[in-house]
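Note that subunit A is present in both complexes that follow, paired respectively with subunit B and with subunit C.
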Partner chain A sequence: MADVALQPDSVGAAQPVRKRSGLKKALKRKSTAAFLMTLPLIILIALLVLYPAFYSLHLATLNKSMQRFVGLGNFEFLFKRDTFWLVVKQSCIFAITAVLFKALIGFIVAHFVHNIPAKGQRKWRGMLLVPWVIPPAMSTLAWLWLFDPSYSAFNYTLSFFGIGPIPWTGDADWARFSVILVNVWYGAPFFMIMYLASLKSVPEQLYEAAAIDGANWWQRIWYVTLPMMRNIIAITTLFSLIVTFANFDIVRILTAGGPLDHTHIFATWAFRIGIEGSDIPLGASVSLFMVPILAVAAIFILRDVNKRGNEA
Partner chain B sequence: MSRKKLTRRQFVAATAMSSAALIAAPYVRSANAAGKLSIGFWDHWVPGANKASTDLVNEWAAKEKVEVSIDYIPSQGNKNLLTIAAEAQAKSGHDIFAMPTWWAHSNADQLENVADIMGPIIAENGEVNGTVKYLGMSENKWLGVPACVGSQIKGPCSRIDLMKKHAGIDVQAMYPAGSEPKADDWTLETFLKAAEACHKAGVPFGIGLGETTDNVDTAGAIFLSFGAQLVDAKGNLTVKTDAVRQALDFYKKLIGFLPPDVAAWDDASNNKWLVSGRGAMIMNPPSAWAVAKRDAPQVAEQCWTHGFPKGPKGRFAPYLPYFWSIWNFSKNKEAAKSLLVALSKPAAIEKMVNASGGYDLPAYEKLTTLKVWQEEGPPKGTLFHYPNPYKHQTLSIAASPAPPKIAQQIYAQATLTKMCLRYHQGEAMEKTLAWAEGECEGFMRS
Partner chain C sequence: MSSVTIDKAAPTRTVKLGSMSRDRKWALRWSYFFLTLFAIFSLLPPIYMLITSLKSSAEISAATNPWWVFHPTLENYVGLLTSNQFLRFFLNSALVSIFVVTITMLISVPAAFALARMRFWGSATLATGVFLTYLIPDSLLFIPLFKVFAQFGDWTGIQLINRWYVLLFIYPTLTVPFCTWIMIGYFASIPKELDEAAIIDGASWFQTLTRIFIPVALPGLIAATIFAFTVSWAQFLYPLVFTTSTDQLVLPVGIITTLIKGDVFNWGQIMTGALLGAAPPLIIYAFLMDYYIAGLTAGATKG
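The block that comes next holds the complex of A and B.
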């Protein structure tokens, strides 16, 4: 420290050289190269994701005619509306139920597929992924015809057994069931494939050791499989929760939020208010309502994943 | 090699001379001398109907030397509404846009006043109906020129045979082709009795109670027939009135005679109901009949489009107009206005109406008796009363006469059909009214 204090000139003279060499070193560094190579994508994301996100934040702070800043006035207004709380409730029912069933079905089917001999497994994997590969707007249209109020193929089939007709989209409870069912049908293959990949990475020795210790089927799942899959389960659940909360197409096509608003979720209600009702600021506020809640959930889940990653 | 050097003086002189020559030169009109114009038209679902608009625009463009581009934007999936919202936000896009019903009002601040061309158009074509003024005018400003393309009345389309057989009503005699309606007895009471009779016979009326426009429009016309308004023209809440109670009571009885799944109906459900031959009546423009003509001719030849039943406060029919509006950010407003005048000429309107097979309705009173409605069939004359040629019914839109910005919310949120359903499902009348009042209070936010 004394040296530096006694020789200020020499330090100053050495600085440009160090800067140049620093820049060279930085350019040579792998992380800099990686950053530069991902820069186009970062710019693209900034343009297509960040800009609209901030713009919708800005919109949510305007009055209906978009001429006056109202701060959090739109949220204040929403909190007093019964329909808004109905939408919050339904979004939670929709997302949580659908994710639970997707995870459960995905887990079970992944086990089945995992146990199929390697030769035929590929075929099954491909077939089971079909619902996830078809664009949901298209597959939901097919479901709409199956649920059609007057010409439902399901009701036609059930009529042979003396059952029905069931108001698949005409009754609040059945309509909720229908939209959740389609979402589970569409999303379960994603869970299945993620869990299958995770299952395949569980070392066989662990199961052998468990078998030697006399572990039964359930104990093997509980003490070996599940702990080994924890991170994948957490990340898939988080990802699916976000996507399911933001779902639009399935509900929009199947019920358009009806009957009596009983299947509206955030995105469909935001569309109804913002685009069909020409109240864009209020629509933006509805669609932004979940952001802080999901962000907090994401922080907790990802923090947990990091922790477990470090433990490993 | 000698090289001549250009002095500063010489440069200034040459520039000045060139500028003077350019200004003084005779004006040579190029192929697209009057600039460019981009148009966002509604994408018609009648095959070939877009061609009539394209031809008319091209004809005008060739004469006026304007380079035009047309985008036909469908209303399926609300693509046109999304485009309107995007263009309004970006303050950029088409010069002319086909605005459906409420969208001229909701973008009023960004639309060019076309009052200067509306005066001569009305003088030539006749007065427009009240709903066109309600939706197309803000104070004294005209927000767009009423477009015949896409404009429609959603009146009853009945099965001649089934109505005669089960309800004892001869719809052709009531609304004869070529002459005035004889429909004094065609009241909401008669309508309800007919609904009951057809329900008993297994061919119920197909009137939806979902949240899409066809459902809301019918409810709107019936509410107005009772004088029932949720919000009046001055913006006062008028939910808890006897007129609204009467309308709800009527609907409660009617729902009992409709198919059990009407709560889930969308705009396609009633069309399918008619085309499949399962019902005696729907409320729709002639598009359902046109589909039947193609897919079920035996059904089509039994269809008759006519007027709404009369209620205690009059006979109302849902009318949904489109407007061709000019954005105020348009760079070629004069050319846009010139085109809209050309498209509003009687001959142009007739061409477009013919191309749509009589589906499109001009808003002007002198243009409700075109040949197409007299001749379309089978059966011949089925569309004669579709354009309301005798002003037999008041053309209206659901949620009117509330100020349009409030009415749009009532309409979009389907408050009327929701009220009917809630009450029908057993909710107490006063509870339903209180719910609707709360909703309307929310719609009043500015």
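The block that comes next holds the complex of A and C.
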């Protein structure tokens, strides 16, 4: 509203009327109106995203009762704990393996869907996207029941092939495998949809030209499909890397970090320490370790998105 | 592959054509075969939910063939749908989702309009900032946010923690950035002539938004609405942190904290609850699949 005062002509005899018209004029002005329209968004982001984000930096420097400043004490404490390094290792294994398999399966399935006649594609796409639609907390419960130690439907089926009962969530390695499997199940459809959309945008002439040049199917994928999809593959992978790295629901419900912390990742361990163990500063320090990787991924995404914006 | 046979003499032409279509047919068969495998993998958990939800606890603990229902019963559904607690979870979830969708749209549509059309100081930076906010995951913010709201309660005496409506403040941090971002994309694709014509006819900015932009960008609006609803319905971490009393819980947290009593898992009811909790997004998806997919792909492709 500072604009009102800046207008010399609004100072006159009929003060209230003039003032209102000045305000009206300011409201009509493009920049003021635009600013007012974005104001709720700015307030929301400032108060509930930026402020907490910086506040967590402050929190990480306090002691457990949050009364004393301990500097980097929390980080020193974390670096000395074996569990912390276990969590770092597991988070990286979890995120990289899961994203890799999601991307691979998504790519393969997208090709199969693209292969079949256009008439049936909708139906298949619809079925294959179901894992992405169900809230992960709900579908993970179904997986938990499929992995149940005594009533596992998988073990029941496998017993017919003479494969002994598998401790899906009981053994450290199997538990890691199960967590990744559920994450791949949940995330692969997203890749499939993105790749399918980008497959459809590859011009048919390129394949015809490649076929005339005698390219086999592998060369067609390597020299035509992949270069054309490069951008989408990069962006989808980075997106998924962020989401997978910060995953909470699946690990929390399936194993809750067990057995013996062998499936904890940053988010679940921060929850265990910060909320369940009510050591909020230490929990905040743990979750801050996600920032570097997320920041790198975000920078790359931003670069790609901006590049695309300039091309268009 | 078949191009190798091209060198052969003319009479083999028909044979070659036949082999080519046979190749094609086999490729198609393999495609269908693998698609079926993947579809089974995709649909296995929801189908297993349905199978288990139709079983009585006696049949579940009898360890008969888990893939078949021998004595189908609706007792789990009746049990849950007549339980006040479960209905309360459902109501809380519905209230939170509906309010969050409304708040999200009220914030993000005007903001997207301003950012897409009315260039002002810092608008480009703000648009980038909105996109960056979308990349900040919930698991990074839940601890400081919890502390922020606890402190807000200490300072003002308004206790928000452990009330379902605290989620109305928190969920928009997840939904608004993305919805704003895809609405910017949709609004930017509307031809400039359209709103110039409206301005010349004497429409205000607000009228341009409601009479021109919202109707034209309706598909985008629907996609954004669906996204906001799905995110608020499925959110698990924030309600787990912020609400604890059973009458304040939303569906996903409610099912997990109340139906699992110690080490006793009432699997029939858990699966029924999970299926009922998955139903609203699935129903929306079944009817509005194209909008759903548009919203999904818009996040990374619009810019």
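By definition in this document, the second predicted complex is superposed on the first by the 250 of 312 C-alpha atoms of A that agree within 3 Å, B and C clash if a C-alpha of one lies under 4 Å from a C-alpha of the other, contacts with A are read in each partner's own complex, and residues count from 1 in each chain.
Heads up, the rule we're going with is that contacts are C-beta pairs under 8 Å (C-beta built on N, C-alpha and C of every residue); 3 or more make two chains touch, one makes a residue touch a chain.
Predicted model, so just to flag it, every value in this text is computed and none were measured.
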Subunit B versus subunit C as contact partner of A:I163, first or second or both or neither: neither
Touching partner for A:L100 - first (subunit B), second (subunit C), both, neither: neither
Touching partner for A:I293 - first (subunit B), second (subunit C), both, neither: neither
Which superposed partner A:I280 touches (first subunit B, second subunit C, both, neither): both
Partner chain(s) touched by A:T236 [first = subunit B, second = subunit C, both, neither]: second
Per-residue touch tally on subunit A - higher for subunit B or for subunit C: C
Which of subunit B and subunit C A:Y151 touches, first, second, both or neither: both
Partner chain in contact with A:M37 - subunit B first, subunit C second, else both or neither: second
Which superposed partner A:V130 touches (first subunit B, second subunit C, both, neither): second
On subunit A, the residue positions that both subunit B and subunit C contact, one per complex: 150-151, 271, 274-275, 280
Touching residues (chain side subunit A, partner subunit C) in the complex: 28, 30-31, 33-35, 37-38, 40-42, 44-45, 48-49, 51-53, 55-56, 59, 105, 108-109, 112-113, 115-116, 122, 124-139, 141-143, 145-146, 148, 150-151, 153, 156-157, 185, 189-190, 193-194, 197, 211, 214, 216-217, 232, 235-236, 239, 242-243, 245-249, 252-253, 266-267, 270-271, 274-275, 280, 283-284, 287-288, 290-291, 294, 297-298, 301-302, 305-306, 308-309, 312
Subunit A-touching residues of subunit B, taken from the complex the two chains share: 78, 81-82, 85, 89, 102-103, 106-107, 109, 210-212, 259-266, 269, 272-273, 276, 278, 405, 408-409, 412-414, 418, 421-422, 435, 438-439, 442, 445-446
Complex interface listing, subunit A residues touching subunit B: 63-65, 77, 81-83, 149-151, 165, 167-171, 175, 255-261, 271-280, 282
Residues on subunit C engaged by subunit A in the complex (per definition of touch): 1, 3, 27-28, 31-32, 34-35, 38-39, 41-46, 48-49, 52, 60, 63, 65-67, 106-108, 110-111, 113-115, 118, 120-121, 123, 126, 128-133, 135-148, 169-170, 172-173, 176-177, 180, 204-205, 230, 233-234, 236-237, 240-241, 252-253, 255-256, 265, 267, 270-271, 274-275, 277-278, 281-282, 285-286, 289, 292-293, 296-297, 299-301, 303
